[in-house]
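One chain, subunit A, appears in both complexes that follow, with subunit B as partner in the first and subunit C in the second.
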Partner chain A sequence: MKRYLKTIKLFWSTAFAAQLEYQLNFLIELLAMLGTLSGSIFILSLFFSDGRQLGDWSWEAALVIQGVYTFLDGLTNTLLRPNLTEIVNYVREGTLDYVLLKPIDSQFWLSIKKFSFAGIPEIILGLGIVFWSAIRTGINLSIYNTLAFFVSLFIGFVILYSIWFLIAASSIWFVKTWNATEVLRALLAAGRYPITAYPVILRFIFTLLLPVAFLTTFPAEAVLGELKFFIILFGLALSTFFFVLSRQFWIYALKHYTSASS
Partner chain B sequence: MQDNPRELIRVDHLSKFYRVADKQPGFRGTLSHFFNRRTYNVPAVTDISFNIFAGEIVGFLGANGAGKTTLLKMMCGLIHPSNGFVDVGGFLPQRRQTAFLKKITLVMGQKQQLIWDLPPMDSLYVNAAVYGLSDEVTRKRINELADMLELGEELTRPVRKLSLGQRMKSELLAALLHHPSVLFLDEPTLGLDVNAQARVRSFLAEYNKRTGATIILTSHYMADITALCPRVICIHNGSLFYDGDLDSLANSLAPSKEVRVELKKSYSPDQFVNYGEIQELNDRFVCLLVSRTKLTQVVSKLLSDFSVIDLEISDPPIDKLIGDLFLKGVVR
Partner chain C sequence: MRLFGLSFKVIKTLFTTQYAYMLEYRVEIALWALSGVLPFIMFSLWSQNDVGNSFGLNDIGLARYFLSAFLVRQFSVVWVVFSFEEDSLSGRLSPYLLQPLHPLLRYVSAHLAEQATRLPFAIVITIFFFLFNPSSFWIPSLSQLFLAYLATHLAFSIAFLLQSLVASLCFWTEKSSALERLIFVPYLFLSGLLVPLSAFPEKVLMFANFTPFPYLINFPAKILSGMPVDLLNGFFYQILWITILLPSVNTLWKLGVRRYTAMGA
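What follows is the complex of A and B.
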């Protein structure tokens, strides 16, 4: 365990150093992030400009969802995207060989090696939006709600990670055919709006088949005190299921790994 | 599992098949490739057995696609064998247990593990953490290996700014930080210039002598093999066809020696017919192929029959011999 913690520390400090090698690129990434964010808040504000509601969500409540989305998007940009899109390259270039021969869990290495600092402002901003707009709705932020919020946020993240890893791991066979990033980004983007704003059929799909609701809507409901307790339990079970699935799938995939030829 | 205490690696009737799909060219070919994919097994390694003892340096020889790399990757646990088994120091490599991984290392000449944008030193400390080495031990080992490899300030310069030779030496350092006792090297001198090759070679020989580590090496450069490997394993079309020391391989491949003679004046070809097979003849220079058994006799006759300025006896270059062999595809 201590070895893993020290490894994470070194992974991330080298990742930081590597990013600072290219200062301009770092600045551009920050700017791009700010642009995306202000764009999506503007669009959201248009929806509500004539007092309309999204589903049965008020402007402030919908902004909570936007905050959760921003937070998850930030986490995606710091951890998921830099690491999981890299898996394809590991497979194609054959450097996965080096990872597999390290005395450390390969899924751990592939999931956590990189860390992009440009996503951190988005994470902080996301959390800021969530709590600011939650308070503006006039609800009382209880400890229970806050706790439920973080738990369901964690559930959402684990589900997103597992599905993404699952798709990325399939590159062991397909090498380059899957563009996992785009699929997952679209999935996450669907969660920018309250799940109840979608037609019933999509609502059903997004809750049960593609667990978009777990990514953004449920954490938002949690902080607003509207999330039912059994959904948290269900979410915990679902995220465990997805995580175990991703792990088993990885172990299975490695049996079929043939390594790139020299 | 091992009968001989010094026996470290056992490869037993090892085979590997790859499933390959066949695609005909053109649109029709693409369609039938999509809907009715025909796959068949291509053997990469067929029924290979050998043992390697602790401390040996063994070279794998073979043409491109002969199966050397597949064999090497099965031995370090990256590829699951289709048949047969490998035992490395009591471990089944494909399980990739931590204790096994801490004992071995793999260096691939054409793939790098160092972080491209950072100095090698950063990657070295990441590796040290992964292997659970303390900072103190790491520092000591880096100094010791950097000394042997003649690496200095290169270690604090971004990898992308290093020359190929410096990069390869840094790669070796990164791969040896955990003091592995079995080294798998896949073309470790690929693309290096002659001097850099020689330095990598002498380092490997030194490392083997100092630590008693076992080294298994594939290379296209015959010089690597002749300089490092007393024992070679030749692979052709996935099968083993020679396993033994390099000298007797040369002997069995080439029962003759080359005798190069420089003469005071020129002679006609038929004057040499009785001495040996003429390889080359121009003006005052002749190169004869003489069987080893008649060598001394022929040489003394040459010296007495002609006025000789210079005479040189050598083995035909081994890479030429082996190249011929692969072309002919003869099994022993």
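What follows is the complex of A and C.
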């Protein structure tokens, strides 16, 4: 365990040094993030024109969901995207060999090696929006709600990571899968809006098949104190299931890895 | 007959090779086609929440608009900056520059070949859309189809030129694809991919109309879906943007090539 923590420290400090070379990137990311956020809030406001509501969600409550989405998007940009999109390249170029030879767990190495600091402002801003809008809805933020919020955020992140890793791991067979993750990203954009705003079929799909609801709607409900306890339990079970699945799938996939050009 | 200084034979060879190349990766292209589902997600939201009326659109109109937006996007998607960055960083650009063919034209032919490969997938997705929303079925008239085709092509040209402008910056910086996000974000919100622009408040709409983005999705999609649309105004702005962008890309490209030092050489 200690060894792994030390490795993370080394990984991220070298990542930081490498990114200092591209300082302009921070600025571009920041601008893109602010543009995306204001654009999404603008689109959201169109739903609420003429005093309507969005699937029983008030304006402030819907903003909480935007906050959760922004937070997860930031986490995606710092950790998931830089790491998991590389797996395809390792497989294609055969450099996965070197990773497998290292005396450290390969899934760990592949999932944590890179760290993009440009995503950090998005994470902070996302959390800020969540708590600011939650307080504006008039609820009092109890310790229990805050705790439930962070637990369900964790559940959401684990599910997101596992699904993404599953798709990335399938590149061992298909090699070119990075556009499969594009399909995933396109579908995840559905998480910007509360799950109850969708037609019934999509609600079902987004809860059980591709659990978008666990990524944004449920954490938002948690902070607003509306999340039922059994959903947290169900989420814990579901995220464990997805994580174990990604783990087992990776072990299975490695048995089929034949390296490039050999 | 020559087009852009290319003989017919060169054009034909370019297309057939690129088309053969694209056919090799059919699954990949099917997945790209699928990754354009965003308009459908937005459609399900807008129609479920009865917002359509405030745009002056009923449910059928809304369905037709978003299907058209999806189709227009399928045939105006541009990725030149990503290919170009890769070619530039890996040094593949050097032989391209030596050939008596503008490298950008090579990418144009790749894009057009990819669009041809996408066509069957787009048709399949359209059929599925109509199966789920049978009431929205419609067949546009021939003139509508032709005008929408033309507008989509012009939209593709604008998008391609915009991205080439960013791609040309590869000559100065290694990571110009990061800059592409600064185009993509306003494109996402102002093009009409997420919502018909008629839903915008007046001031935002005025601002949007000063940018090239509404002419990339909203204008062609309106023609295809049979919504009332100011054709003259739309085509005028499309052509205006092309006449602004074409010389800019040309100039930036020439300046850039002079600086080119062949990565890794």
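We adopt the following convention: the second predicted complex is superposed on the first by the 257 of 262 C-alpha atoms of A that agree within 3 Å, B and C clash if a C-alpha of one lies under 4 Å from a C-alpha of the other, contacts with A are read in each partner's own complex, and residues count from 1 in each chain.
Everything below uses one rule, namely that a contact is a pair of C-beta atoms (placed from the backbone, for glycine too) under 8 Å apart; a residue touches a chain by one contact, two chains touch by 3 or more.
Here the structure is a predicted model, which means the values were calculated and not measured.
When both complexes are overlaid on chain A, the residue A:D56 reaches neither subunit B nor subunit C. Residue contacts after overlaying the shared chain place A:A18 against subunit B, while subunit C stays out of touching range.
Applying the stated contact rule after C-alpha superposition, one finds that A:D97 touches subunit B and leaves subunit C untouched. In the superposition on chain A, A:L10 contacts subunit B only, with no contact to subunit C. Looking at the superposed arrangement, the partner reaching more residues of subunit A, out of subunit B and subunit C, is C.
Of the two partner chains placed by superposition, only subunit C is touched by A:T36; subunit B is not. Put simply, subunit A uses residues 22 to touch subunit B in one complex and subunit C in the other. Residues of subunit A that touch subunit C in their complex: 22, 24-25, 28-29, 31-32, 35-36, 39-40, 42-43, 46-47, 49-50, 52, 54-55, 174, 176, 179-180, 182-183, 185-187, 189-190, 193, 197-199, 202.
Subunit A meets subunit B in the complex at residues 3, 6-7, 9-11, 14, 17-18, 21-22, 93-95, 97-98, 100-104, 109, 255, 257-259, 261-262.
By the touch criterion given at the top, residues 18, 69, 73, 76-80, 96, 98, 101-102, 104-106, 108, 110-113, 115, 117-118, 122-123, 125-127, 129-132, 158, 186-187 of subunit B touch subunit A in their complex. Of all residues in subunit C, those touching subunit A in their complex are 25, 27-28, 31-32, 34-38, 41, 44-45, 47-51, 54, 173, 175, 178-179, 181-182, 184-186, 188-189, 194-195, 199-200, 204.
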